[in-house]
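The following pair of complexes shares a single chain, chain A, combined with chain B in the former and chain C in the latter.
On to the complex of A and B.
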């Protein structure tokens, strides 16, 4: 597949997402109110605790972590599960399967445009606001480059988790159920709803080895220079963690997809 | 039509209850034919509640109190909010389909029946998953109640029932407003998702907000009424704020307004003649 064709898919995705600018702005606005809620909650929590540092996290650390996790969540969010189940029910999936391109790659590159738009419309504005509000609590330097690498790896991991779960839709029509299970597990174990640093020691060790951490927790640590990510070798080991999971998930989702796609049943179309 | 219109208004509660029962049975029959879906969805619902609970435990492991609220009082709020959010989940879940039906034009079928459009539309879906949440909420509330040691009397139970009913009206109203925006604009799905997300904060005491946001979450997006104000009627009956006292009336008012907003949307839909 030539890069030119892939870029064409990305461009189509960008144009499609720009059709829904209003949606993006509503999301941005709502996020701000949502973050205000998060702010007051954690402010009250830290005010009641009596100490400034809990489990190595100050109030500012926690806030930056949670705000950027939300921003990252909005930017990485995919609806592969929904789209695929809708396409199966309508029969449209047949058309996608007949395309002269592997289905998974087609889906990935179709989504890439959406990610590009959301990165600029939601992540960058949030990042800039955090940067100004915290007066430089986020280090500005080579870590930004490390962060980009980590985000791309996170994107790949996230996409293949989605793909694995979406393939289940070939077996059952319970899209809502499957999706809510996936979302709950990813949000809790990736550190998006409560920083992993607050988890009990034993739980943190287990959760630390799971792939969900590669989606939110690792990129944020790389960005904030935590967990040894302030050096190149430290960052590289975190990338390694992400890459290993990316490879495992790519293999697993490809295998699962190839086995399952033969079972596809489409009513009409 | 005018005769029908008159008939429609003179029909009593009994008539609507019997219709609701009939539609409910049809809906449950449909659901039963997708048994796997039912099992997976229920599992998903329980998992969400469990995850919320785990988050809660982790939080309290690190921080013993939040703004003067200890573990059991917070659990009380949490359980209360889960119960208060059950009616919107069980009885008003069809709001989520409104935008698709308005867009595709299928909504017109609801306008041609000689019964209340809002009633007919909502009665079509009963969400069984909500019952899992109810059970989880009840368990949490009873556990917290026992540990706090509030006396169990006929009075306190009656108060609890009244205030849970009150609290549920607020979330129903919020979702009615959010869903009805579909009659005016595209992208109402986003509005619904956002409003639905705010409910996650209903389980924390509203006293953590500064005055501006406390006002916002009391009068504009009234999530403080989903658990905080109503719970105070039971947890702190001697020093309950004014908002707790007026909550039942305010709840009815907000629900009534949301119903009117929704019906106004229906009128507008008729007008477009699609």
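On to the complex of A and C.
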């Protein structure tokens, strides 16, 4: 596939997102409220535990992790399921299906521009604030490069989870319930709302094998230099984990989509 | 001209629909029901469309027009029968088929909502990999056909419906496709905009020899653009010929208008193959006296209306 098509789609996505720049500021504002809530919740948890370190994490560790998780969530969150089901109901999906590109690639690259914008408007500001407030709790070095690689892999994994669920919605023709279930599962099992270190030992082992961790927990560990990610080999093994899941999910969602799309009956007209 | 743009042979499309039951109890039963019924949306349709033709593809709501178009574009796979578009089997290679076709669906836009029109055009140029020279030539052609200046820098979301439809048609022709599908392109437009759109379609068809498949409920579009029309009803092709033949094909209808003695007008739709006009005039003359007579050719609209209502078959 010609990279020119992909760059053009990304560029258009950036231009479109910038039209709605106010949205990014609203997101930042909503984050502040959410993080105040998180702050007091975890303060209470640490106060009631009676120790400074819970499950190997200090209060400060937990807060940094959760703040960055929120920032990462704003930047990685996708609306493939919503958009696709809306397009199916309105029948607009036929216009996307008739683009001279694979539907999945077309969709992914249509979103990419938005992620680039959100990265600069929501993730970077949050990251800089955390950096200053915590005085160097985040290592500044090669781990930032490792993190970029990890985030791109996370984006691919997340997109294909979305595609799998969106394809499922082709059959059910109702989206809301399934999407809520998906969001809850991803947020809980990826470490976005509770650090995975807080899970019971057995659950942590199971969750550790699942793909959801590849979306938030792995990039965060790479960024913070934890879980062995401070060395190249350690980071590489985390990338490997993400890449394996990326390949599995790409294969699964492509197969599922190709089988399902033949069954599509586009509404209306 | 020898090679056909679209070839369909005994094309069928069936849909499986769940038999729904009424009420809460019925809805719960439906959750586990395997009680499907088969609805055939398109039945044994065969047709050949040549390059460069403008086809009026007509039929009442729910006749199977959209289903056929979706099969031609490759979005739906036929249940049985053959279909070849530009030498490709569309559902087997939808992406490749898409490179050579353009689509406009009256109520939906393929343009990027918040971007100026020219940005959408540039993006389509890159997606369809149109050569810069061809692209510029096409824009030049567009400028000669319509006044682009008021819309080219305007974001699509700020456009009027007419401007948006015009833009969507231009977007569909941008990569110089072999076939363009226009699904109700003039729906909701005012008279002058309709005329503009018709001129544009006719102009593009003429200069680029693009095959155009036009579905519409506006007989003005058909009269202005199409020489050949295909009518489909209940999934079957019921007419496929010149528009001129249409009026005589279903009987030689004319409208007879009579002004009676009390100055009221009376209208009669007359099939000249069955009734004699003079006879009717004479009878009326005896009954109530006739002051004035008008004889009108039946409009395409009236013929189509009669066909849809099942008056002829």
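Everything below uses one rule, namely that the second predicted complex is superposed on the first by the 268 of 269 C-alpha atoms of A that agree within 3 Å, B and C clash if a C-alpha of one lies under 4 Å from a C-alpha of the other, contacts with A are read in each partner's own complex, and residues count from 1 in each chain.
Here is the rule we go by: a contact is a pair of C-beta atoms (placed from the backbone, for glycine too) under 8 Å apart; a residue touches a chain by one contact, two chains touch by 3 or more.
Treat the numbers as computed from the prediction; the structure is a model and nothing was measured.
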{"item": "Partners on chain A (chain B, chain C) - clash or fit", "value": "fit"}
{"item": "Per-residue touch tally on chain A - higher for chain B or for chain C", "value": "B"}
{"item": "Touched partner set for A:30, first chain B, second chain C, both or neither", "value": "first"}
{"item": "Chain B versus chain C as contact partner of A:174, first or second or both or neither", "value": "first"}
{"item": "First, second, both or neither for A:52, with chain B first and chain C second", "value": "neither"}
{"item": "Contacts of A:4 with chain B and chain C, given as first, second, both or neither", "value": "second"}
{"item": "Which of chain B and chain C A:12 touches, first, second, both or neither", "value": "second"}
{"item": "Arrangement angle, chain B at one end, chain C at the other, chain A at the vertex (C-alpha, nearest 10°)", "value": "80"}
{"item": "Smallest separation in angstrom, by C-alpha atoms, between chain B and chain C in the superposition", "value": "5"}
{"item": "Shared contact residues on chain A - chain B and chain C", "value": "20"}
{"item": "Chain C residues within the chain A interface of the complex", "value": "15, 66, 69-70, 73-77, 91, 94-96, 98-99, 101, 103, 105, 108-110, 112-115, 119, 122-123, 126-129, 155, 183"}
{"item": "Complex contact set, residues of chain A against chain C", "value": "2, 4-5, 7-9, 11-12, 15-16, 19-20, 90-92, 94-95, 97-102, 262, 264-266, 268-269"}
{"item": "Complex interface listing, chain B residues touching chain A", "value": "34, 36-37, 39-45, 47-48, 51, 54-55, 58-59, 61-68, 185-187, 190-191, 194, 197-198, 201, 204, 208-210, 213"}
{"item": "Residue numbers on chain A that touch chain B, as the complex places them", "value": "20, 22-23, 26-27, 30, 33-34, 36-37, 40-41, 43-49, 54-55, 172-174, 176-181, 184-185, 187-188, 193-194, 198-200"}
